[in-house]
Amino acid sequence: MAGFPILSLVTFLPVLGMIIIMFLKKEQALTIKYTTLLITGIQLVVAVVMLLNFNYNAQGVFQQSSFQFIEKFRWIQVPGVSWLGTVKIDYFLGVDGISMPMILLTAIVSFIATLSSWNIEKSIKGYFALFLLLDTGMMGVFVSLDFFLFYIFWELMLLPMYFLIGIWGGPRKEYAAIKFFIYTLFGSVFMLLVMIGLYFSAFETLADGTKVHTFNLLAMMDPSNFSANGILSPFNPSNLRFIAYIALFVGFAIKIPMFPFHTWLPDAHVEAPTPISVILAGVLLKMGTYGILRISYPIFPDITKQLMWWIALFGMINILYGAFVALAQKDFKKLIAYSSVSHMGYVLLGMASLTTAGISGAVFQMFNHGTITAMLFLIVGVIYDRAHTRGLDEFGGLAVQMPIYAGFVTVAFFAAIGLPSMSGFVSEALVFVGSFSVEGIRVLSILSSLGILLGAGYMLWTLQRVYLGKLNEKWANLKDLDVREYLMFVPLSIIVIFLGVYPSGMLNIMTTSVNTLVNLVNNGFAKVLF
Amino acid sequence: MDVSNIIESLKLIKPEIAVSASLILVLIFDLIFHKDKKLIPYVALLGLFATGYFVIHQFGTTGFGFATKSTFKAFGMVTVDSFGTFFKLLILISAVLVLFFSSFSDEIKKTTDRLGEYYVLIFGMILGMFLMVSATDFLLIYLSMELLSLSSYVLAGFTKLRDRNSEASLKYVIYGSVSSGLMLFGISIIYGLTGSTNLYVINSLIQSPQINVLALSFALILVMAGMGFKISAAPFHFWTPDVYEGSPITITAFLSVASKAAGFGLLIRFIKTGFAAMTLNNGYWMLNPIFDWKLIIVILAILTMTLGNFSALWQNNLKRMLAYSSIAHAGYLLLGLAVFSNQGIAAILIYFFVYMLMNLGAFLIVMLIADKLGSEDVDDYDGLGYTSPFLGISLAVFLVSLTGLPPTAGFIGKLYIFSALIDAKMFVVAVIGVLNSVVSLYYYIRVLKHMYLVKPKIQPVEIIPGLSQKFLVLLLVVPVLFFGIYFSPIVELAKNCVVLLGF
Amino acid sequence: MLQVGLTHFLVIGAILFSLGIYGIITRKNAVMVLMGVELILNAANINFVAFSRYGNFGLNGQIAALFVIVLAAAEAAIALAIVLNIYKTYSNVNVDEISNLKE
């Protein structure tokens, strides 16, 4: 495998697809769809190939040598003068145990979302072109190890997302789209400033021995790369580092979305078409938590430790607030959206524990939430396609009418509740094990466990209102799933159940890296430890 | 001043001579072939290419021209350095592009009988701008600014097709003459205080403590009024929206890029030559403490971008919206100046290069659409993205770039401006700057919303640009995307052009 | 007998400048506004000449004044042409009433 640019392939394959689609005619709708399916399919295969070649014992996180599938090329280089240092930016990709699950998730969700996009009728060419561009943006975020590259991919996603919600969305799509865009941009401009600040603080030693400023994330994790008077240097006694951490965190928190920055999410979800909701909940939200794990934690371990209680607190608020609001929803899709808020709270809580169990739980929960919520949104999509309404009270007894569908619904709902033998159980359990074991946040952890109860409440109540009871005669002619929908649900259900029964399949991928990260954060800096 | 000195100096102003010669050539050509005006654009283009040859030739040349005393050779009226040459190149490129715009524009086509005057006046503007960016003597500064202004007053109302043309030129001439009058009065006071109009001499004289600080500050504020007018910085920006909306779109595009570039070139050179005691090794300027330039520029910058961005939010006319957006961009550019360092100047140069591409591009598309639609109203853009995909996507690229999102060149411009600010530890200003760019997203994206998201009430017209028009659009779209991904060339160019002769 | 010195000229210059500003601000007629501008320019001219004469600065100031006179003439020509054009379109030259371009 060595030397083959597999990460570039998996990232830029969709762009290739986009170019192909650009050259197809508007009328070749089916060709366009199959092209997209083929591209995302190949992407999935490539991701699986990567998994098969993945070294479970390589730690990654801060050590370039133990990252896998590394690609590093000089991208921008401008020789310096006395007043302007050498400008050097690398095209630097790599994978470790934290990003590998995310890459798999992105590939799976993109593939499923393509299948779910089959019903799109309005300007198909534009839709799939933007869809593939979005895919590249997401994948790029998870594979880049250079802050500049990371930022470009991060922002690259915004525009396709804006159009995908804004053109193909529901009645209030314009409002939802612009709200999403402005919120996310608001967060990312702060990220930009922190990125520039880190650039001017950190150095990287080049092969010829010269020290230059760098966007390299790994270089920023090593305190010996900071000059004493750099603005964001750990040796700088000013509180700028603290402010920078908060600014960066806000940028990521908006994406998660963390309370009180969550208000764009219900709007975006409700208005977005089903496949876009799937992508949004399945992958986009993970970018926020992934960013915290990849950037905030290892670069600012000192501040992270100071703020862990607050992160846990916001995790708890997310869990409880999301669950309570979900209980009050009358719109099926909005309910799922708020359940997302609640479930992302577990990720925050697990991350805040700074223990191996907690962070593994968080990463695992990111993956599980991606698959489970994707299923939930597909479930909503299926009845919305048929009934053109999402009111929870307008249904009833659908289980009789659509038994197979109801079967998948049960799987997804139980997984979301966190029933043992489903994947959601394992990750939530790990999160609680992790957070409970830490004295400082034990109380928050106990309070958060109320969220499980509430989660079971709204999920079961929904199950009862929509699928059980007497069949509403209005829906007596609803058809059960067709082949395409089978193809969407079956793989997701298999993943959910398989990882519930055999969680090590996923946990083993991340353990080494998570351990390294935990050590790094708890010991202040990697250099101190190793 | 002896003859050999003059001859030496003439060698330094070859581009200006070429512009003047082209001006006269177009004028004569127009007089001789007054029946057939078709050839005039070609003559003008030829003139610009000839000028371009001399400008490119001038890169790397440095020197002072037209010194008042031959013994004091260092202090000339004209300073040639790569900084000025960069701006000349920028002005020239935008002039060439505007020349092409003019050949497509319906507004200009309708006034073919006066085409000769149109190009003559454009050359007048170019000559004024060329001199502005290299002038180091107040007399020449004033003369060149007036040359630019007088030509552009006329061009703003040139077509006389609609009432708003005349109104634009009236407003321009009134605001313009007032601010240049104020500036002249300021210059006369500075002359009285220092006894010279030469910036180098002034620089060495104001370092003496006996100077009257109050009078000098008053004079400098008056001078800033004149320069602020040219770069449309708040609170001297009131003319901008009216003039930009009322003028023929080709002239609006030219004013928004070239005229602003010349104004910035002049302002930067004025501050650097007149007030910088020395440039430190790390690129920061030691400014003479007699006047707090930093405070003034920071306040101007924040005021300018905030006013520009917030006023742009409510505009329905696209030209007017772009006018306010150009005010906002002047604010970002002033941020680069507020750092008072070579880094800041490099950022300004990068930003200007990028701004030229994306702003001219946006105006070009607005023009192509307005020629077909007869309107620049954003409501008339409904659904246009579907009927005219090429123009729609191109406009989207330009607007996204103006917002400053990657992977477009606009992001690189913003990146460097904010890098300069962060490097200078001006964090609060940087935060205000980035928040402003979030605000700007709203009005730029609003155009895209109308093009793609809003259901049109009437079937939108299909606009198919001609092959040459498509080519011109691509000529601007491709670099905007290319430099967004690979920006080494512009950084390299800007880095080499920062060198200002001075202290 | 009173010796006429630099200060006297400067005072006249300042008065002219102030009158010019006053005219620009209060007058609505475009021609009157332009006359205010002329006053400012001439105030500057007086300054230039006076400084040049009393300050032993050489002839620079006087030359500057000559240039400004020429430029003022050019500016007046262009400005009046524009005002004439406005008069043809709007049949008045009142600055306040010419506001088709909306805020």
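Going in written order, the chains are labelled A, B and C, and every chain counts its residues from 1.
The rule is short, and it goes like this: a residue touches a chain if its C-beta (ideal position, glycine included) is under 8 Å from a C-beta of that chain, and two chains touch if they have at least 3 such contacts.
Note that the structure is predicted; figures quoted are calculated from it, not measured.
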Category of the chain touch graph - line, ring, star, complete, other: line
Central chain (by mean CA position): B
For subunit B paired with subunit C, centre-to-centre distance based on mean C-alpha positions, whole Å: 27
Computed distance of Cα centres, subunit B from subunit A, in Å: 43
Interchain centroid distance [CA atoms averaged], subunit A/subunit C, Å: 66
For the subunit C and subunit B complex, residues of the former touching the latter: 10, 13, 17, 20, 24, 30, 33-34, 36-37, 40-41, 43-45, 47-48, 50-51, 55-57, 60-61, 63-64, 67-68, 71, 74-75, 78-79, 81-83, 85-86, 89-90, 95, 98-101, 103
Touch list for subunit B against partner subunit C, complex: 68, 138-139, 142-143, 146, 150, 153-154, 157, 160, 163-164, 166-171, 173-174, 177-178, 181-182, 184-185, 187-189, 191-192, 195-197, 241-242, 245-246, 320
Subunit B partner contacts - residues on subunit A that touch it in the complex: 75-78, 81-84, 87, 123, 151-152, 155-156, 158-159, 162-163, 166-167, 173-174, 177-178, 181-182, 185-186, 189-190, 192-193, 196-197, 199-200, 231, 240
Of subunit B, residues touching subunit A in the complex: 281-284, 341-343, 346, 386, 400, 405-407, 411, 415, 418-419, 422-423, 425, 427, 430-431, 434-435, 437-438, 441-442, 445, 449, 452-454, 486-488, 491-492, 495
